[in-house]
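Per-chain numbering from 1; labels A, B, C and D assigned in written order.
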């Protein structure tokens, strides 16, 4: 049994991590920290974990965390970068679910997060934790930057097209929709049931923080800049994310269905739907799956992809990365079917 | 045109008041106050009021409020009692949607609201604003204490039985359910969409603040103490309230259907459903209606009642009271049908 | 008072029409038909209309309908075209909320609706009931084809750009999202709360029936073919529709904000939001408003528009058309503010 | 590995069974029947099961079912009783999630289900599958009648009080609330998102079919008749059930908290909350847990209990029963934590 810890366990990615890790056959959760709630039983804040997680929240004590094989950071931006260097120095491997190590360029990071980066030297070392793209690097990484939910759902959807140079890079339109849990567990008016319920709107215009992250990886895949138009929307539901992506095909003679099926044939967590189908978010709730469908309208290719923003979009992918880093079966603890209805 | 003002216009009862008053043919809204948002256009906070309410939030300036014929307080407990005496002194009539003047006994008020009452001398004068019970007193009142949502939905449901002494007063069970808007527009974790959505639970045990208010009025109607068991629940929806009430019949020979129909024959805002029917909250959304059905199971009478907690349960009833106080048609501005679906 | 009738009053556009017409000061609803429910009181099916609509559903009797000044059809495709010719012949003016008269070309209609059109000669006469585009023709029309919800929300959003030739017509992307009421009140599995709730997905690919309707009107406005990519999605909420539209600007020097504000300066039911804002569907629930915001990302213009699919997207627009046809104030009966929260 | 089959796999209890059984380490699902969908891949109807259940729906062929160790019936009333005798005769053990074998009295069954019972001789043999009450009998049963959701949530809540004779049997009030999935996956108007969403109402008055089932078991536990007042309500959410139960204490000197904790000390699937707490349905979503809290108001005891209506209220309890019948660990395949948020 490997020992794992969570720094910042009171948010939605934290409780999702605890749900997944408590069912994982090869790891033992030994520490969950929360500065504001140290001493409170985890199951008092989350009654769903009564009888499942028998820990109290603790202060983020480096001594205790140093005993872990892997530590997850489920913290807002700017927190992980303060503690990660010490933990790495003590031989702990780290998976950061926040954005501190996702951008390779410190200046870009500072511009978007309005903060100086405290350990820019780690940006090069950190591996972007999208296994479908960087699996081999993840296996040996000390520090994995777990991708954002929008980037995960977008990159998996366009990767097959960009890798083969089949779409124009002059304009990629990503119309994205997220359940409200993506906004976190902080008390705020706009995510109250009475505000976000029975409501639909775009947000984050002109610029969402996932924009530079998506752009960076699009460039990696395409080997050139991709002009991204990205509009996220808030959906009146708890979990789930969908992206509808529009791009211009540069060649008309490609069998898109076959392309996608081949690209993802050996990926357990990417499911290419049959031609003509459309994915719905409910079919992936609570799972690490990404389901994708590809359609065409004239010269425009339309790719539809869904994930659970808290699972494949955050904590599930983090567990997938942990499995890779520990040399375990990649799917361990991630095989439950979606909760339907 | 009468001039009206609202103190505390940024909550859900405030915006509901503005919706109703802006459509009222005989009043003009001249002031909406908010300490924290003075200077902001009302329609910037509430885009639904663009083109409808062309005011800015202002500081609660007594001079300006004193020009109003009626001032509504849509404030948390403890606020109205600080300002009401001065306004009354200047000849303004006041309707308080908060709880400051609902309890006739200052000691009881202090016990439940953990605060000394600053003008207990007004508790006797204040009229409890349930028109179906106190219509004549309301017409001439200077100060109306607008009832809480649970008390409104409960009292209308049991009034016919208690007035006639048909049920045991030794135990009245009120199982009440409210939409989340009853909890207000404050940022708090428990009313986030991700917490209150797809969830159902009781709350407020062992004692909800509407308990003493309901008890007080039950005693008024029954002319004796009534032992109240009151359990409120939170329903994953925005608007609407239902009470299911259980009492023991002391006589078996009463035609309950006829009793209710007769009692409410002349009440525009109380609708007794046909025998066998069951009311649903959707049928009253956005309206000032209370729909009631009465059933029997052995010696137990079961009364089901629904209101919109923000309309008949708050702002609509406040407008009904205002109409009475100004000598206007009681239904003015309150006749729109429910929004269905 | 004008007499009006509704053919097909048991669906969501029917009950919304009844809500609006019952509050309209210049019309009297005299007939509501339903083949399957003749004899049932309207308020038995819709308790929200108790005390508001005191009619029974009747068979669609031409004699009775012929006494109306205006008859609304709120029926599935293929129904109105069977009865409209006779009603027109008897001097009744007709507003069809269904699709029977929206397409000017009978062959196109037949292809999309899999049915021969029974009165193609009326397709030329019928006026497409988008007042912001065809106001003068509507005033004198005998037969108005009330637009679909997606076309309304799309056309209002792009009209200013297309009229001025500011965007490329080679690709217009409309990513549209609708509340579930757009699917109607028929019993079907996919719109059950347990299927559509907490779920998000595209639908209608490869081709939704509103596609040819939007294309037809885009061509009218642009005076040339516009290549439309249209992907509708189902949102887990009852009312509301949003379109996010992407187009390529052909000129970089236009003040888009000023363009939209000027275009809609005299339109009561189109509200151009301040620069930088984003419209949400809740702000228009139950109203006839369309709120629009225009953004830019490089050479791409992004237009966001919201309506209530049942009001401006159906029954509200039908009442607006009726007002025009009867020479009444265009906004009569349509001025209530949105229900918020 | 044991072989199991499901008769009637297209409803919500069917898909929940498949979710649970596919993750169960000791069973293999070998047949899922559906008369109407024979030949269709299960994962085409339920995309959540792509890669999880690799079967097609088949006709309910007794030969094939006879190869199973256990067959589950997830069918409407009247179906199981036609096939169960034959399967039992062939040595198959049966768990019926429907109501065919829940009532011990054939005449009562016929009165409530408006149908003659076709094998009344099995009613005596069938074991009521509430393990917390009949564990030992279930282990050896050939035929288990899996309890209804309301009975499960009610009986677990009152069992400790009734077993000890601590409450008056002259009136037990059960105010019950269920998510919409309890109504099944049939296309019907009243459970459409637009009807049941943002709505709350009682239903099933004067008599719900779970009434005689609850009464029968109350009598078993109390050794006398218990006068039950049972009012179910529909909650606008997908999964989850809550009961708030009111009874009169016949003794005042009992430590209720201690009573409940002791009664359920060895029950894995019943969780007694700490004194003062209140259970919410979200904390049990997707799990086989029942969480209970006990409160007192004067002489009235108030018991609050929550379950997931599809899991502990149906398919999870069925798996629990299967584990007992097969001599497996009772909790096998049922240990996942609730999906939160």
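As a convention for this text, a contact is a pair of C-beta atoms (placed from the backbone, for glycine too) under 8 Å apart; a residue touches a chain by one contact, two chains touch by 3 or more.
Note that the coordinates shown come from a computational prediction; the quantities given were computed from them, not determined experimentally.
S.K.: Please state, in steps, how far subunit C lies from subunit B along the shortest route of touching chains.
M.R.: The least step count works out to 1.
S.K.: Which chain has its C-alpha centre farthest away from the C-alpha centre of subunit D?
M.R.: C
S.K.: When the centre of a chain is set as the mean of its C-alpha atoms, what distance in Å lies between subunit A and subunit B?
M.R.: That pair's centroid distance is 45 Å.
S.K.: Express in whole angstrom the distance between the two chain centres, defined as the mean CA positions of subunit A and subunit D.
M.R.: 36
S.K.: Find the geometric centre of each of subunit A and subunit C from their Cα atoms only, then give the gap between the two centres in Å, rounded to an integer.
M.R.: Here the centre of subunit C sits 39 Å away from the centre of subunit A.
S.K.: Residues of subunit A touching 2+ other chains?
M.R.: Correct list: 12, 181, 185, 194-195, 197-198, 236-239, 279-280, 282, 285, 341.
S.K.: Using the touch definition from the top, list the residues of subunit A that touch subunit C in their complex.
M.R.: Per the stated touch rule, the residues are 171, 173, 175, 177, 179, 194-195, 197-203, 205-206, 227, 229, 231, 233, 235-240, 242, 244, 246, 248, 276, 278-282, 285, 295, 297-300, 302, 304, 306, 341.
S.K.: Would you tell me which residues of subunit A are touching subunit D in their complex?
M.R.: 12, 15-16, 18-19, 22-23, 46-52, 181, 185, 198, 238-239, 271, 273, 277, 279-280, 282-287, 291, 335-341
S.K.: For the complex, which residues does subunit A have touching subunit B?
M.R.: Spelled out, the residues of subunit A in touch with subunit B are 12, 180-181, 185-189, 191-198, 236-238.
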